[in-house]
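What follows is a set of structures to go through.
There are two complexes below, and they share subunit A, which is joined by subunit B in the first and by subunit C in the second.
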Partner chain A sequence: MLEKNVYESFMKIVGERNISQDPAVMDSYAFQWCNEIESAQRGDEPQRFGVRPLAVVLPASTEEVQSIVKACNEHKVTFKAFCTGMGPWAGVSDPRAIQIDLRRMNRIIEIDEKNMYAVIEPYVINAELQSELFPYGLMHHAQGAGPQTSPLASHTSFVGPGFTSPYTGFSGRNVLGVEWVLPDGEILRLGSFDHNGKWFTGDGPGISLRGVMRGWLGAYGGLGVFTKAAIRLFSWPAPKDWKWKTSGTIPEYNWDIPPFWKMFVLNFEEWEEYKAAMYELSDREVTMVATTSAPEGLAALFTNTKQEAIETIFAGLLAKTRNYIVMLVAAHTRREFEFRTKLVRLIMEKYGGNDLIEEGVTVPKPMHYGETVRNMLGGHAFRFSNCFQSTHGGMDTIAMAVRLAQLNQTVKQKYIDKGVIGDDRGLGVWITSYESGHMAHMETPTVYDPTSVESCLGYAAYQDECNQMDLDEALGMPFFIVGDDVHNFYAERTMHYADWIRKIKAAFDPNGVSDPSHYVKGDRKK
Partner chain B sequence: MNQTMKDAMIQITGNDRVSDEENVLSQYSGNYPPSLVVWPITTEEVVNIVKWANENSVALVPTSSLGPKLRGSSLPKVENAIVVDLSKMNQILRIDSTNKVAMIEPGVTYDELIHTLKLAGLRPLMPFLPKGSKSVLASCLDREPITIPRFHWDTPDPLLCTETVFGTGDIFRTGAAAGPGTLEEQWEAGQAQKNPMGPSQFDPYRLVQGAQGTIGIVTWISMKCEKLPEIQKFFLAQADDLGDFQEFNYALFRRRLPDEHFMLNSTALSAALGEKKLLSPWILILGVSGHGDIADEELDYRIGDIKDIARESNVKLEENLKDVKSSEIEALLNRASEVPYWKIRAKGECQEVMFTTTLDRVQEFYHVFHEVAREIGFPLDQIGAYVQPMNQGTNTHVGFDLYYTLGEDDSTEKVIMLLSRGQKKLLDEGAYFSRPYGVIIDAVFEKGSPLTVDAMKRVKSIFDPNNILNPGTLCFKEVP
Partner chain C sequence: MTLGEFEDMMDSCVRCSKCKFIPQLVIQSKRFSSICPSIDYYNFHAYSGGGRMITANAYHKGRVELTPEMLDVIYRCTNCGGCEVSCKWVYELEPNEAIHEIRVAAVEAGAGPMPKHKKYIELVERNKNPYGEDPEKRPAWLTDEITTNESSSTLYFVGCTASYRREEIAFATAKILNSAGEDFRLMGSDEMCCGSPVYRVGDQKKALEIMQANIEQFKETGIEKIITSCSGCYNMLKVEYPRFVKHDIEVIHTSQLIEGFLNEGKIKLNEMVPMKVTYHDPCHLGRMAEPYEKWEGEKIEVLSQVFIYDPPKPDRRGANGVYDAPRNVLKQIPGVELVEMERIREYSYCCGAGGGCKSAYPDFALWAANERLEEAESTGASTLVSACPFCGTNFRDGIESRESSMKYFDLTELVLRSIGGGK
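On to the complex of A and B.
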């Protein structure tokens, strides 16, 4: 329990209705997806609950967040900001910590239609923002975690791939102006907003403080609280008079596909042909989506129930699927559509591919087009065992992504043979390209049973082996190389980068109150 | 001290690459002349120079481009500095056409890079008609805008990874280049130093870029390139007011249809072409291209859609204007300026003003600046303007060039006054000087919150704790 005077100091800031230390409420924050994996990786018994916060506070404004952070500094209480929360990194690690739940800060502050950016608060979710943007013919880069999650969290604090990445890029590169409550309670405003109240860039004057904000992975909430962010927007490729229309009931709902949209699943016998096609399709800017997985992944994408997915796998996907790219041509005009679809077919033929949709091997329904752009498809992977997590994640070129996929197969198969993770014959990967093919990343979604100690331990061991492989084979840095111990393991062979991050932490969080568990502590670890 | 300094530098680089000759030093003279110029050719030499400077509290001013230097950011602002001239590190280290990337040292210039990239089927993402001696690496570090907004995804583009010697003397590779693995091992694994972010949970490339040499000395970078088009066409349009292009421009940003996309006023275009042309006040320039298979069909679809948008927004696109052919414009692109630099050629001297805003406010700022020029008596037809959309249209670089001749009609005094009063007026009206140079710097940092300066100083104290790198620049006034 927090001391009475400390609890009351927080209560004074947010009011009695917006603070709690009820154990049941605290448990709801401590229960996070993948806690069982992190605890297993630490060498503990797999635990589905993380550390319970001592209190949860729900501020309604930046000023309230600032007061809370200042009170944390004064009373030596650690804090962790929480938006939509999905993973151990959303929870606290210190026994003397509070959770700052930002759910009351849920406003879309501004949509600048012409200059294509939106200013959002932390608890705006992808689905809401998307709905508000459609009337303007705009969309944002929504991260793969799904429509129920916070785009601010992804843009400011976490890795940010999504299904539309070839067209909308990566969260961390789409950030403009930012309002940021630093760990010492000062409010920093990045870029143009600090000078003229407009959010159109977050860089300068001179150096860009985005350089200490997040990096590639994001600081996972280890360096203060982001209270507003401007993010870039993109054209929604549909005619002006097209309306978002659905009918029916989830999971079998209907969705009106915009007129110049067409999905392809281009299948290539060998990785080499796949790779050449992926480079060319991405470079030519013909696709909004360029995603690769295993036959099981394809089944998960374009079905609505576990049973349907399994039936689809055995009805032909296993036999007829090799290395494929799910592509979505989404054009603004007929002229653009005809050019792009023609080019897609030419590239497919050039590299000896076939279209699994045209051949009836897989049949996405209209709703699956909608699920794709809503970034709902990642959630489909939970159907098999109620849980999955990804290993690897290194981001650089398409060639590296393919090499990772190839090398991963035998490692994964070893754990499949042990019966601790789902059997996808080691083929289960997820690849996407970014920014017209300039970058790509590969991760390996892997299903495990979160209720089985053996499965959790097995998955954890598999992830550790993947991390080691990436180090040894120069295959980039995986997604979850965070926290002091893991950083130490990686930084030794990566230019001791963590020493610099520790200096940043010390400079901006002198009292060490911003939860460092998935970032770094400010002092250098011996 | 100077002899000690010279001996130390000679020990690091050898006798041939150190100079304290008056005529050499004068070329690098800023507020003060440097005491010495040194030309390292390896990263190790740079490290040794930085370590020595730390031990001896001597300021270093890194530079890569040869003159003329219009902005003065790489000239000494304190006494007794050493200029570290990286122009002799001039290797193109690697070109990877599959991954559309080049790795280059500081001394590589645009013409050399363009030529070498062409052989690999690539072209650089580059600014409009840079000076022939401009270092490509310095241009990327300066956040110089590129002419193709649809390939400008994030502010740092086309900069990707770097090798940087921080002010502490530590070598660090930024982005994916940090590892794991050596560069050779990364190439073997299929990597190409494409991911600029990180490593991990910070983005040092965003700190080194825009720093004007105050955070680290960069010894190579990787940079985004694009495939050479098979076929290209250029279009021009004229208007009295930028507002006439507004609807058209914003529609194009959404669609990402053209490659080159920017606007010049008639003064700037005449200066670039090297002769006075009869033109409307503003000229819009579009380049459209087709690549690879069915390149001609790609060109047709892009042009077709662009023309539809032009019709809907009442913009008349033409391949040739009465006084300017699109082939003349094409000849200005994807190359460096001839000598003398086109901005100098116009009237013998040039001073630059640059800031960032959104496209819908550019005309307003143009009027504001003209108003101040009119009050001062600086000729309006000697103000060139360049409007370059960035970040796929989310924001816009605006550059005003003041062409003048030394000793002509008090022009120097008027330029000094216009730089001071005009920029201050722009700042007051909301122009954002994201890359501040010269007299406006202090006002820019005073305009923002003191916390921004404080945060920047905290960063500086991590990477250059003894303030040896280019002291007196930006908000970093402390000296070694």
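On to the complex of A and C.
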């Protein structure tokens, strides 16, 4: 329990209605997906209840956030902010911590159509922002975690690949400015979120604080609180009078596909051909989506229930599916559409591929087009089993993603053979290219049993082995790294970068009140 | 089911927050993206479907006690089922069922329901209605114009709200039945509350007694078919009763009845009712109205750690509610122009009255009604129509509180006008 005077000082800031310390309410913040792996590693029963915050506060403004942070410094209470709070990194790790739930800060402050950026608060979710951007003929980059998660969280604090990455890139690259309550309570405004709000770069004059604030991975809430973000927007390839329209009843909705859109699932017998095609497709900027998963994953992408997905598998999908790329050609005009679709076919033929949609192996319905651009497809993976986790993967070249996938298969198979993780024949990956270039994101989603110690530990061991392989085989850097230990592990071979982020952490957070949880602690590495 | 039987399910929550919003694909605007009035009003995660499932789980595991704030979490929820529709887009979880079970557990532990609920339960036991009205006055709305046939096997089960608070609905329904030449009887002062307000706050024991007594009475009087005005009564008789008390009585809602009359040409909608309307789907007539089908079978591991049910388990995702009947009726009323809100059918936004909230938390219920009214107003309609006296009462309160120019009518009132029986 917080001391009465401390609790009251927080209550004064947010009002009685917006603070709680009830154990049940706290437990709804302590509970997180994948906490069971960490509890199993500690030798406890695997469970999703993690560390309980001492209080939860719901501020409504930057000023309130600032006052909370100052009070935390004064009373030596740790804090951790989140937007929607999905994932263990959103929870607190310090037993004397409060959670700052930013749900009440949910305004879209500005959509600048000409300069193509939007200024948003933390609890605007992807689906909401997307809906409000269509009338302007614009879209934003949404992280693959889903339409119900926060673009601000992703842009400011946590990695950021998504399904439209070939077109819209990566969250860390799209943040143009922030309003940032630093761990000591000072407010810093960066990049395009300056006083006239019209800049175009995430960096601003002088050294780039964007790197300090998040770098590649993000600080996972371990470096203060972001209260506003300006994010880059992209042209939405549909006529301005086109409307996001659905009809029907769950789970069979209909969706109006914009006029010049078409999906392909290009399938290649070997990784080599896949790789060459992926490079060329990316380089030619023909596709908004370029996603690869396991053949089993394909069965889940374009179906609406688990039953349907399983039936598709038993109807022979696996036998006909090798290394595939789900693509979406989304053009503004007919000529652009014709050019792009022709080019896709030429590239497919050049590398001996076939189109699984044309051959009827998989059949995306109009609603699946909608789900694709709303970043809903990742969620389909949960239909098979309510539990999977991904390895730390990599963010490097397309060739590196393929290498990772190939090497991963044998490691994964070992753990499949032990019976501790789900059997996807080692093929379970998620690859997407980035920014129509040579870069790609790669991770390996893996099903495990969250109620079994053996399975949780088995998954953890598999992940450790993948990390070791990253170093042994020089596979580049993972796309996310959580906690001091894993940072230390990689830092040994990467110019001790973790020491530098620790220095930054210590300088920005002199009292150590911004709960590092999955980020780094402020002290120097021993 | 008990909380214990739901433990695996509760452990599986991903804390993804999907249950706070309408299914992601159907979101069309920021303003009307939410599905859960409770999280919208109270904001702490515990007040969402997933959050409640976590707190129920924490209680089951002995991590927390039934503190006053925990009871708030449990009861400041309209039990509207919206969270479950959104969750089931992806997962095989039933947050709304867990919410019901934690209420049952709270009652069993002697902590629930809330004082206001206890009071109306007493009134139900004493006066057969939660309003504490005189049972003898239940049929007070009945006028000489209406013909009933006490030997009919069709019962018009008026329900407490239409009997005592929204008599115009009872009157309109009876007039429509007469116009169609459909024989029906009433229970009059013997009609007993369907048990919904008791059941929804977790007093399962008393709710079961009511269910048994009602079914017994229906059987004794040879009832084969029941017509309900109230979506709550409909839901109880059609969906919940069969889970506890066996019966083979056909249960239909007035909207379905009228649709049938129109299809069979039993009534004619001749009079113009010139108005632009929008229709609110009551939760208990919509997503909550899917009957439970008993499933027996086995769980088979078809791929490693991937299980399916053999035979397939019947889906209860809100797809098979009564959505089209009221719309089909509205569309046939001359002069009526139907425009839709953004949140409709299985992802309709709750009026705010259900689950014991109207009596125990009137501020919350009224706030939710106003949220929905704002959406109704945004369509440009002058009139909000629904098919539930309880939703109607809450909306009328909302309209008054926000001094809205919007009118509210029950579907039966418009039908009565169009057949020439109303003003």
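The working rule: the second predicted complex is superposed on the first by the 506 of 526 C-alpha atoms of A that agree within 3 Å, B and C clash if a C-alpha of one lies under 4 Å from a C-alpha of the other, contacts with A are read in each partner's own complex, and residues count from 1 in each chain.
The criterion applied here is as follows: a contact is a pair of C-beta atoms (placed from the backbone, for glycine too) under 8 Å apart; a residue touches a chain by one contact, two chains touch by 3 or more.
Please read these numbers as outputs of a predicted model, since none were measured by experiment.
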{"item": "Partner chain in contact with A:310 - subunit B first, subunit C second, else both or neither", "value": "second"}
{"item": "Touching partner for A:25 - first (subunit B), second (subunit C), both, neither", "value": "second"}
{"item": "First (subunit B), second (subunit C), both or neither touched by A:384", "value": "second"}
{"item": "Subunit B or subunit C, by number of subunit A residues touched", "value": "B"}
{"item": "Which superposed partner A:296 touches (first subunit B, second subunit C, both, neither)", "value": "second"}
{"item": "First (subunit B), second (subunit C), both or neither touched by A:255", "value": "second"}
{"item": "Contacts of A:363 with subunit B and subunit C, given as first, second, both or neither", "value": "neither"}
{"item": "Subunit B versus subunit C as contact partner of A:453, first or second or both or neither", "value": "neither"}
{"item": "Complex contacts: residues of subunit B adjacent to subunit A", "value": "98-100, 143, 151, 153-156, 171-173, 175-176, 178-182, 185-186, 188-195, 197-212, 214-215, 224, 227, 250, 253-256, 291-294, 297-298, 300-301, 304-305, 308, 356-360, 391-395, 430-436, 444-445, 447-449, 451-452, 454-456, 458-459, 461-463, 474-475"}
{"item": "Residue ranges of subunit A in contact with subunit C within the complex", "value": "18, 20, 22-25, 27-29, 31-33, 47-49, 56, 58, 84-86, 101, 103-104, 108, 124-125, 127-129, 131-132, 146-149, 243-246, 249-251, 253, 255, 296, 305-307, 310, 313, 367, 370-371, 374, 376, 379-380, 382-387, 416, 421-424, 447-451"}
{"item": "For the subunit A and subunit B complex, residues of the former touching the latter", "value": "112, 114-117, 137, 169-170, 172-174, 176, 182, 186-189, 191-192, 194-196, 198, 200-220, 222, 232, 234-235, 279-280, 283-285, 332-333, 335-336, 338-339, 342-343, 346-347, 350, 394-400, 402-403, 435-439, 470-477, 481-482, 487, 490-491, 493-495, 497-498, 500-501, 503-504, 507-508, 519-520"}
{"item": "Contact set on subunit C toward subunit A in their complex", "value": "8, 11-18, 20-21, 23-30, 33, 43-46, 51, 54-55, 57-59, 61, 63-65, 67, 69-70, 73, 85, 88-93, 302-308, 312, 315, 317-319, 323, 345-347"}
